[in-house]
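First chain A sits with chain B, and in the next complex the same chain sits with chain C.
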Partner chain A sequence: MTNAMTMIPDLDIPGSQSTPAIRSDWAAGRLTLQGDSYPENSYELFDQVIAWVERFLSDESRPLALELTLVYLNTSSVKAMMDIFDLLEEAHEGGRPVSVTWHYDPRNERIAELAEEFKEDCSYPFAITPTPVTP
Partner chain B sequence: MDLLKMRESYQRERVMLCFNGPISRSLIEEIGKALRNYLDTQQAAPAAAMDVFAAYIEMTQNIRHYARRQGYDDEQASATVVVSQDDQGHYRVSAGNLVQTPDGERLAATIDDLARLDRAELKAAYKRQLRQPRVDASSGAGLGLLDIARKSSRPMRASLQPLSDQQSFFSLTATL
Partner chain C sequence: MKSRGEEGLLQRVAALLAEPRHADNPLREALEALYLQHRDQREQLERLMNISDRYQALAREAQQVTQKRYERSLRRQQKLSRISDGYQALICERNQTLHEEAHHDALTALPNRRLIDEHLARLDRDERSYTLALLDIDHFKQINDAHGHDVGDALLVAITRTMRESLRDYDLCGRWGGEEFLLLLGETSLEEASRIVERMRARLARVQVFIAGQPLSVTLSAGLSEHRAGEPYADTLHRADQALLRAKRDGRDRSQLAAG
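Then we have the complex of A and B:
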C-alpha cells in the first residue's frame, strides 16, 4: 500500500515535435498540457499523467483544473486523453469540483471540433476558449 | 534512371511529396514537418493542412505498428507514401506497405465497410472504438482508419496486389 501522505512528484516534461509539454502543480491542483501530441505509443507518455491525476483525485479533496493548449492529437493520444477526462467525470459524479479549459487558435476550427467531441461525454465544466489572434 | 519520366509522372499525379523506404519514428516526424511546411507555403487553410497531416500520421503509424507486430525487418517494413492533389484540388494521402495477404483482405473489407457509413455512423463507430479497452497499447489501428474516414471528403480506396504466395502490397488512398 502506498502512503496517502506521500506527495507524488510533480510532472515537468518538456515538449518535443510530437509530444506536448506537460506540467503538473499538486499544490495548485492544476495540470497543463501544451502543444502537439502524436507519439507512436501515447501510453508511454500518458501513463504517468494518468497516474498523477488518479493520485491527486484519490489523495486530495481539492479541485482539479486542466489547462489545455493542445493542437493536433493522433488517435492514440485522443484515447489517452479520453482516459483522463473519464477520471475527471468519475470524480465529478462523486461531487468533486473538476474543470477543463481548452485554449485554441480560432484560425483552426479542427481543434475546437476535437475539444467539442470530448466535451460531449463530460458533465463537468469544460470551457473551449479561443485565444486572441495577434495580427 | 529516367528522372524525366519520374518527373512527368509526379506532375501528372500532382505529387507534392513522396517517400519510399524503411520508415522510422523520427523519419515520420521529419517528413511530417516537411509536409506541414509545404502546406504552409501553399497557404492551405489550417484545418485542411491538419487533416492532411492527420491522415499521413495515422497511415504511417499504422504501418509501423503492423510491421512491428509482424516482426518485419527494415526491408519488409518499407512504406510508400505519397501526398498529392486530385484534379479538383483536393488533397490526397496514399500509403502502401507489405502485408500478409489475409490481413490485407481483412483490411480491404474494413475499408469497404467504412465506405458505406455516413457521417453520423462514422462518428458513432469512432466513439465506440474509442471506448474499446486498450488491447495493445501501441495501437489503435481501427481508430486511425475511422479517423481518416471521418476527415475524408469521399470514401477511402484500398487495393491489394499479390507479391508472393503469402504476401501482398496493400495501398490505401484518402481524399481529404
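Then we have the complex of A and C:
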C-alpha cells in the first residue's frame, strides 16, 4: 500500500464579471485573487480557496504570500476573506512566515480604506500598495 | 471560631475516650460511636464541598470561554458589517457617478437628451406649462472645418457658460445635439420666453474664443414653441424644431416663434 501524499491541485479559476480570477502556485507559495467578487454561490467558490490555504499551511512549512487586487466584494466574499486572513493569523502566531499585499488603483482610495479595515486585526505583514492600472 | 471550637470539643472527647479510667464508663461506648460517626460525616461534608467547588470552577471557566467566544464573534460580526457597509457605500457612489455621467454631456456638463426627456415627461405628467427654445449655432460646421474640433469644442464650452449665466435657477438648459441646445422655460409664456431668448442671443453673440490672438464669435438661431395643454412634449419639440428651421431659412441669427 502506498502512502503517497495526495497533492492538492493548484487553482486556476478565470475571472468573470462577478468573480475574481483566482490562481494558486503551490511551488512558489503564492495565491492571487484579482477583480470583483459578488458570486452567486460564494461558498462554493471560496471553499476551494480556503481548502487550498489550509492544505498549504498544514503540509508545507514554507512562506505563503497572498497577492490581492480585489475591487468590489459582497458580504459573503468579505466574510470569506476574513476567514482566510484568520487562517494566516493563526499560522503567523505559530511562527509561520505569511504575508498579504493588497494592490489598489490609486484613483480609488476607498478601496485602500477598506483594505485597512481588513488589516486591523492582522499582526503579520499586510501591505496596501497603490498599483497603477493600465486600462 | 466555630470550627476551632468544634475541633477543641472533638479533641476533648478524644482525650476522654483515651483515658483508661473511663474504660468502664457506661457512656463511653455510646460516646465513642457518636464521635466516630461525627468524624465520618465531617469527612464526607468536606469531600462534598470539594467536589462542589470544583464543579463551580469548571462552570465558571466554561462561562468565561463562552463569553470570550461570544465577544470574538461579535467583534467579527461588527467588522464584517463595517466592511460590507463600506463596499455598499462604494457601490452607491459609483451608481451616482454613473447616473450623472449617463444624464450629462461629457464636454459641457450640461444635461443631455436623456435627462431633458425625463424632465419633459415629468412636466407633461404634472400638467405644467412651459415654453421650449431650440438654439443652434450658425455655421458651426464651418468653424470645425476651418479651425479644427478643439476650437469648436472650446466655443461650445464658452457658449454653454454664458448660457447658464443667463438663465433663471428653475430653467433647464441641455445639449440637444452637436451644436444644438434646448432651453426649457417653466411657467413661461411664449412672449416672455422670446424676450429671454433674444437677450441671451445678444449675449452669446458677444462670446469670443481666440485663435492665435484672433477673436472668433458666432451667432445663434432659435425656434420657440409654447406647450399646449394636453399635448405630448414630442409635439411641442417638433414645433420648436420647425420654427428653428424657419429661422435658419430666413437668414439665421434670429428667433422664430411657433404658432401657439
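Assume the second predicted complex is superposed on the first by the 127 of 135 C-alpha atoms of A that agree within 3 Å, B and C clash if a C-alpha of one lies under 4 Å from a C-alpha of the other, contacts with A are read in each partner's own complex, and residues count from 1 in each chain.
Just so we're on the same page, a contact is a pair of C-beta atoms (placed from the backbone, for glycine too) under 8 Å apart; a residue touches a chain by one contact, two chains touch by 3 or more.
Model, not experiment: these values are computed from the prediction.
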item	value
Joint occupancy of chain A by chain B and chain C, clash or fit	clash
Most chain A residues touched (candidates chain B, chain C)	B
Contacts of A:Phe118 with chain B and chain C, given as first, second, both or neither	second
Contacts of A:Thr32 with chain B and chain C, given as first, second, both or neither	neither
Which of chain B and chain C A:Tyr72 touches, first, second, both or neither	both
Touched partner set for A:Glu109, first chain B, second chain C, both or neither	first
Which superposed partner A:Ser99 touches (first chain B, second chain C, both, neither)	neither
Partner chain(s) touched by A:Asn41 [first = chain B, second = chain C, both, neither]	first
First (chain B), second (chain C), both or neither touched by A:Met82	both
Superposition clash, chain C against chain B - the stretch among 92-100, 128-136 or 146-154 that is involved	92-100
Residues of chain A contacting chain B in one complex and chain C in the other	72, 74-75, 78-79, 82, 110, 117
Complex contacts: residues of chain C adjacent to chain A	76, 79-80, 82-84, 86-87, 90-91, 93
Interface residues, chain B side, partner chain A - complex	25, 28-29, 33, 46-47, 50-51, 53-54, 57-58, 61, 64-65, 127, 130-131, 134, 137-140, 143-144, 146-147
Parts of chain A lying in touch with chain B, wherever the complex brings them together	17-18, 38, 40-41, 43-44, 72, 74-76, 78-79, 82, 105, 107-110, 117
Touching residues (chain side chain A, partner chain C) in the complex	72-75, 78-79, 82, 110-111, 113-114, 117-118, 120-121
